[in-house]
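Report on the structure given below.
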Amino acid sequence: MNTKEILTKLQNNEISVDEAANMLKLAPTKDLGYAVVDHQRAMRNGCPEVIYAEGKTKEQTLGIMKNMLENGTDNILATRVSLEKYEYIAAEIKDAVYNKDAKTVTVERNPVEKTGGIILVATGGTSDIPVAEEAAVTAEFLGNRVDRLYDVGVAGLHRLLSRIDRVEAADVIIAVAGMEGALASVIGGLTDKPVIAVPTSVGYGANFNGLSSLLCMLNSCASGVVVVNIDNGFGAGYTANSINKLGASKR
Amino acid sequence: MNTKEILTKLQNNEISVDEAANMLKLAPTKDLGYAVVDHQRAMRNGCPEVIYAEGKTKEQTLGIMKNMLENGTDNILATRVSLEKYEYIAAEIKDAVYNKDAKTVTVERNPVEKTGGIILVATGGTSDIPVAEEAAVTAEFLGNRVDRLYDVGVAGLHRLLSRIDRVEAADVIIAVAGMEGALASVIGGLTDKPVIAVPTSVGYGANFNGLSSLLCMLNSCASGVVVVNIDNGFGAGYTANSINKLGASKR
Amino acid sequence: MNTKEILTKLQNNEISVDEAANMLKLAPTKDLGYAVVDHQRAMRNGCPEVIYAEGKTKEQTLGIMKNMLENGTDNILATRVSLEKYEYIAAEIKDAVYNKDAKTVTVERNPVEKTGGIILVATGGTSDIPVAEEAAVTAEFLGNRVDRLYDVGVAGLHRLLSRIDRVEAADVIIAVAGMEGALASVIGGLTDKPVIAVPTSVGYGANFNGLSSLLCMLNSCASGVVVVNIDNGFGAGYTANSINKLGASKR
Amino acid sequence: MNTKEILTKLQNNEISVDEAANMLKLAPTKDLGYAVVDHQRAMRNGCPEVIYAEGKTKEQTLGIMKNMLENGTDNILATRVSLEKYEYIAAEIKDAVYNKDAKTVTVERNPVEKTGGIILVATGGTSDIPVAEEAAVTAEFLGNRVDRLYDVGVAGLHRLLSRIDRVEAADVIIAVAGMEGALASVIGGLTDKPVIAVPTSVGYGANFNGLSSLLCMLNSCASGVVVVNIDNGFGAGYTANSINKLGASKR
Amino acid sequence: MNTKEILTKLQNNEISVDEAANMLKLAPTKDLGYAVVDHQRAMRNGCPEVIYAEGKTKEQTLGIMKNMLENGTDNILATRVSLEKYEYIAAEIKDAVYNKDAKTVTVERNPVEKTGGIILVATGGTSDIPVAEEAAVTAEFLGNRVDRLYDVGVAGLHRLLSRIDRVEAADVIIAVAGMEGALASVIGGLTDKPVIAVPTSVGYGANFNGLSSLLCMLNSCASGVVVVNIDNGFGAGYTANSINKLGASKR
Amino acid sequence: MNTKEILTKLQNNEISVDEAANMLKLAPTKDLGYAVVDHQRAMRNGCPEVIYAEGKTKEQTLGIMKNMLENGTDNILATRVSLEKYEYIAAEIKDAVYNKDAKTVTVERNPVEKTGGIILVATGGTSDIPVAEEAAVTAEFLGNRVDRLYDVGVAGLHRLLSRIDRVEAADVIIAVAGMEGALASVIGGLTDKPVIAVPTSVGYGANFNGLSSLLCMLNSCASGVVVVNIDNGFGAGYTANSINKLGASKR
Amino acid sequence: MNTKEILTKLQNNEISVDEAANMLKLAPTKDLGYAVVDHQRAMRNGCPEVIYAEGKTKEQTLGIMKNMLENGTDNILATRVSLEKYEYIAAEIKDAVYNKDAKTVTVERNPVEKTGGIILVATGGTSDIPVAEEAAVTAEFLGNRVDRLYDVGVAGLHRLLSRIDRVEAADVIIAVAGMEGALASVIGGLTDKPVIAVPTSVGYGANFNGLSSLLCMLNSCASGVVVVNIDNGFGAGYTANSINKLGASKR
Amino acid sequence: MNTKEILTKLQNNEISVDEAANMLKLAPTKDLGYAVVDHQRAMRNGCPEVIYAEGKTKEQTLGIMKNMLENGTDNILATRVSLEKYEYIAAEIKDAVYNKDAKTVTVERNPVEKTGGIILVATGGTSDIPVAEEAAVTAEFLGNRVDRLYDVGVAGLHRLLSRIDRVEAADVIIAVAGMEGALASVIGGLTDKPVIAVPTSVGYGANFNGLSSLLCMLNSCASGVVVVNIDNGFGAGYTANSINKLGASKR
């Protein structure tokens, strides 16, 4: 119900001034004390609920998930979940599924329908896979088809070039790379599709926990490359979904 | 002409081994000594040519533009062009147009057709306008409609909230902000469309030439926010175009 | 007029649904294209208007000031105004006053009444005076009495200790220091009043444009010290006013 | 006894030159070898004693607490106390109370009377709660009433806006946020009360242990925002108390 | 087989268009899902295979090694291998040899023939030895003779000067130093041979995990000094080999 | 007159309580508004007055100098004085002497007697000379004999080694170096005298305005090396004097 | 004359003890006061003299050059020479040649004979050319043949791939790149020759004056890449020469 | 035996050319493979041997100590020794003494005679004591008398001022402080003796492992303050000894 509808109801005396005032306060949220759960968000934002579990206790994480499920959320994605936290959750939520690489927990009671279009997730090396999986799981959970293209870093350029058809077939590309942030530039130069670059903290020395790849990607000479936070696979998967949804109907 | 077509021509003896070898070298580029101009790029990347003029002399900038125009490029965008450089260019290329705020030069002999969809460009303050204009001009040059929403920073939240309908009407949003990198987070929380955040070097002290806004945007708690380099209005406009093009046909 | 009042008017049919919807959009702002001037802010925030002039052209600065004065703002403070900008402004706004040290322009057609309480502005050295003056002018403009205590840095501790009575007499203290960020710690240890520390970019070498004093002040071992951005005299004066207003009625 | 009183006593021969010289040395402190305990501070600074326990051994922490209690301090707050340290202390000081979230130990044998006014402690997310609790416990220990408003980060703006009345009711506001340092700016724009911003080290990647939120808050475009060190809940609570005390008598 | 050879074969109908298209995709690689193993690299790059084991699971590391050995690689070097990982590998690959200092695993079924020329590996202190050993083992594995000169830091200059003949006898020098990045400058001033500087993370405080030595070496006033990443012994050994191979035939 | 003497005078009724209270406030300083001039400092600190002129206007600098001379200071050193400022000063203070390299102004009406002992000032390169001269002039002004040893950087070690006798003859050594911060380490290893290292901002690229040399010197592996701020020649000269004065009587 | 020869002369009474002691002090240097010119270096290091002119006055630069020429140096390279400095020099040294791009001055009265082998200098963009020219001029001055390959950055990969034969033909490669530090990685993956990476300060925003490209190159995933300081074209050219000289005789 | 003595012996045919050449190589060192032990250093540098144990294995540490003792060193100081390493050492070297706070091991078979003069070691807080003890133990081991003044940070200035006589009595002062790097400035302003500042990594948040105190101390506005590396208690103690030795004979 939008503002004008509420005001019309008031004018028609279907609701009182106090009720209108309350309804105009924007949100049907649930305050758990330690977290304000937002039941309207799925409607408002067009996507299921996501919980960032790092820094939350297992009790808090479970509490939020249960509150959501009890209030009508069918699909939940929790990221950065340790195995121990998952086991605590799974004892109560039997259909919670764990992805060990991505460290995600998903509950899918009413899976999102698959959108057309393909999101390609590429990595520079083997060590970047956990971050890439977080991106891939997120994109799949939100209803996208994902193509994984791992270990195609620019130091061995032929590994990427010999698979160029898969780059060309994608609608959105997520480039995940640590030491070799250059992957995003190279892919960005080979395609006109949006490229979301994810720097990872893989590497050592002057990599400074991902600063090196972050700066490299921000300074990419290839147009069309945008960047998310270091190791932020979720953010990349989420934005890739937003972009793909925009473009979905045309295919 | 793709690889297989070239090889088939060779098999059919329509071309020689040397010709095929040459054609397989990917690019019909023109080497000016100081720059390799890429005439195939419009076809390959689906967009007209762009020149980043900073660090190039006025002679080099003009030289590249003339070479392009002589080789069939109709539309050129040059960014980071000082007024003095523009005047040097305009003496020879009469239809070059200068945008003083954005510091761009455009030649549009065959303007790109407008795509459906709207790209909203928002700024936190008045001082962020030059970067925003670079983004807006870029997006318009590439064939997009742009809505400008300036000076709506989060310190006076009502300025943004009272214009929320324009945020909702947009397909892609570019949030440009210096001191108050928070603009991207707030917009990201109000929409499910992709938000491209552009940190600017506006500010002083611990802003450290844009580092503050850059970090703030990278750490945005709103999903769906991606970031480009500090002051990189062009990159934001370019990627917004890529995203909008993906989604264009559905409207 | 608050939300309930608007809704009651609607219920009483004194206004239409559309009028109510408009009024509920929070702000009577004026959009100048390059700036959204906020005429309700004086009421909402309890203080006159302030313009941060850096990064705005002289035309924009004057435009905003004139728009304010025409819409009922009596008192305006503009900070970071170059002498050249001031002269441009003064040609049209005859009663605009310039403070050369602080680089501020003030228009005071209806000066704010003086609050009780004293705000002490102390500096470590002579070179910190411009920043201190920005703080002092701001605090005075907002209706506070200011005591200036300059060049009392900790390397000559007796300079401060012999004036301790002035520290004790103050209600809020602003400690401005560059090389010697230590001033805030020492004052913080001598008083139980709030101390607002302003790091300045004065110094050289490993001062790194104020980073040294900023970190020093943030790490102050004295409780009760809070920090604003490097060289942000305005912010310190503004917050000192907020604090002093809270405490004013008791004196 | 102040300087003049001591000198008058000397002039009246009530004390000797040596005694006067000793009394003029400012402090009745107690040197434990590893710490100089300051028994006059409660009088001088108007507040009970606080111990920062990090980096002190459990023996040292207990030793300081016992020395204080034996010398007339009734109320003690120790911060950054691990559970193990607390248990060591509680074995000897039976009325020591532990707050597990805030990691504080309090002894309150003569609780400070409650001041008028409310200190609001707000957090961006659930993970910021430990720092917020340190601030809240500190403020309460020093005699203030505290309102907690947790998990109202700007990515879901309605969570904050629908509770705006609690922001308006507060006299001093503490805004605690990690990833989303933007909370301080948004609150600062909605109120004219002093806002103390506490960046937290919550987040990952380019958050760089709180640097991101720290810089974001220092660069806040909202006037009236001051900042304390990363994770420094104590400092925020302590200064909020100083400010609230200034304003207390007016209510 | 190079491009022209492939095209000639096609023209001669020795291969089909599809076969040619496939062959022109550059590489006979093997995709293990988590890693793309590059069997052509030994030929292309002139050196045996190297695996960077950090960030790879023990299963992945073993998997890559076995795939290589099964596909004709005789000599493998794996770096950054923990003892536990080695033991897992050694259970299946019996002739895998572990170097505890360097944390390397080598399989040498067909050792590379020794090149002429000497690579000198020098360290500033005892604590730099692990990084130096990684460099030395790498250089030896690739077929070079190595001279080790450890603990000759510049604080005791005579330790280096009294061994100056060994510096003079070397063809390429690797200078490994932590606190005392100065070693590279001093050696660089004493010889006209290429000096590869390896900063190490040895040290404390303002060493900032090797940043100090890195910057020191990058700013070396001695010409002829080049730098690799912090602790990157492998990179130094690898490049020293490339350089030595260039010069080998002349001796 | 120390505290006990003042108290005794009071007890003897030679002074009043008010006079004693005033005298106990430590300092006979002169407040010029923009600067607090400290006339007691020469006595208290054992050295003539020094003015850091950077950030002070020429009027302020001259004002302070004149006030000092009028109040009995015979010898003044002003550092970081531009030629323009000097000329302004010299118009009124005829015996002010300018050193163009060091950018110092000295007035010596009663030159300090020369102490025994030698302070050696060494530089890595020619470009470090201005900083070295600031150190040398300071040390000479304070009454020390100075030996200059310029352009003896470690990249050409023999330049230093062939002058080792001058290093051995010195009592305190100041090592000034930019790119090659290594100079301090090498000298520190050759002598047991105190070495004061002065990093300079000479260099480019990853020198980052002296950060490189600063970190290098702080991490010196040579014991006995202490560091002052980047380009802080004055500080080095001043401390060298303190040290030399301690040791002077023995020679 | 080496140590043993000197000692033998002494034993044979051809020289005195004092003469021998003097000769054993390593260097026949000439002390100009502001610079120690090293006449033995050409012999010792095998290369002509180089002067780094930045930070030296024009008088000092000319003074050093003249001293060298008068003492038998035939070939001089001065780097970082402004046009104004050059003109001052050329007035006295008529055969001094200026390279405007590289900002170098060369005097070649007895040009070094050309070594076999090719040094390839590649740049990512047009703006990197000045640094590349400094490298190229240095390498040529020292007797190498240089191949220039400019504007082949990775965003348009075909520009590099279509010239791959020139990469393959080189013996040493210098990769100069600003925004796109990735160039070194890509080249490093395509060749087994040593690659010297030169980060440039070209770019803006988060490039932070070359830090971005520096870190990117240090973290290159391609083996065989070594790095010099930001914008240090000279260092790259100098080391490329050392490496090429090692390998020269084999061709 | 110095150079001239060796040459004279050669001239007198007391030694051969080869013997002379060997003797002229400067050092009677002992190469243990992992460390070059320097038996001449005590003579050359005037102080006993010191071992920095961090980064050395317990076997290496013991090995170096035993080699020293067997070759005539009577007094050894090892720093950064863990308890476990100490126990390993003590099993063989029975008279090795452990200081748990300072983490030092000392062997003193022929204690150095006490020098006149006092080295004062002051700390800001209790948590700085371990670093202070490293400084104090080092200074005592080298033959100095040490006065400890702990927990006198500037937030409670009277704690320091009431002990000012002990500051005045010292000949060299070591100021150790973490959060409150201001201690060095305040002491520096109260005395004309050399002050060696030791930043510690004590603190949290924006302290960044000691960076805050380091920068604060480097930027001290008090003349006469020099700085050593973060947590480098040893370096401070060592240099304090050098300085005190210079001044010792005068007392």
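A, B, C, D, E, F, G and H label the chains in the order they appear, each numbered from 1.
Here, a contact is a pair of C-beta atoms (placed from the backbone, for glycine too) under 8 Å apart; a residue touches a chain by one contact, two chains touch by 3 or more.
The shown structure was predicted, so the numbers you read here are calculated from the model rather than taken from an experiment.
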Separation of subunit E from subunit C in steps, with touching chains one step apart: 2
Farthest chain relative to subunit E (centres taken as mean CA coordinates): C
Centroid from C-alpha atoms only, then distance subunit E to subunit F, rounded to Å. What do you get? 49
I'd like the Å distance between the centres of subunit A and subunit D, where a centre is the mean of that chain's Cα atoms. 38
Multi-partner residues in subunit A (2 or more other chains touched) are 125, 156-157, 205-207, 211, 214, 218-219, 223, 229-230
Interchain pairs in contact, sorted by label: A-B, A-C, A-D, A-E, A-G, B-C, B-D, B-E, B-G, C-D, C-F, C-H, D-F, D-H, E-F, E-G, E-H, F-G, F-H, G-H
So in the complex, the part of subunit A that touches subunit B is made up of which residues? 44-47, 50, 171-172, 191-194, 196, 214, 218-219, 223-230, 234-235, 238-239, 242-244, 246-250
For the subunit F and subunit G complex, residues of the former touching the latter: 125-127, 129, 150-152, 156-159, 161-162, 202, 204-207
In their complex, what parts of subunit E are in touch with subunit B? 3-4, 7-8, 10-11, 13, 17, 20-21, 24
Sites on subunit A touched by subunit D in the complex: 25-27, 29, 31, 33-36, 38, 41, 54-56, 60, 199, 201, 209-211, 214, 229-232
Provide the residue numbers of subunit D that touch subunit B in the complex, in ascending order. 124-125, 153-157, 179-182, 185-186, 188-190, 203, 205-208, 211-213, 215-216, 218-223
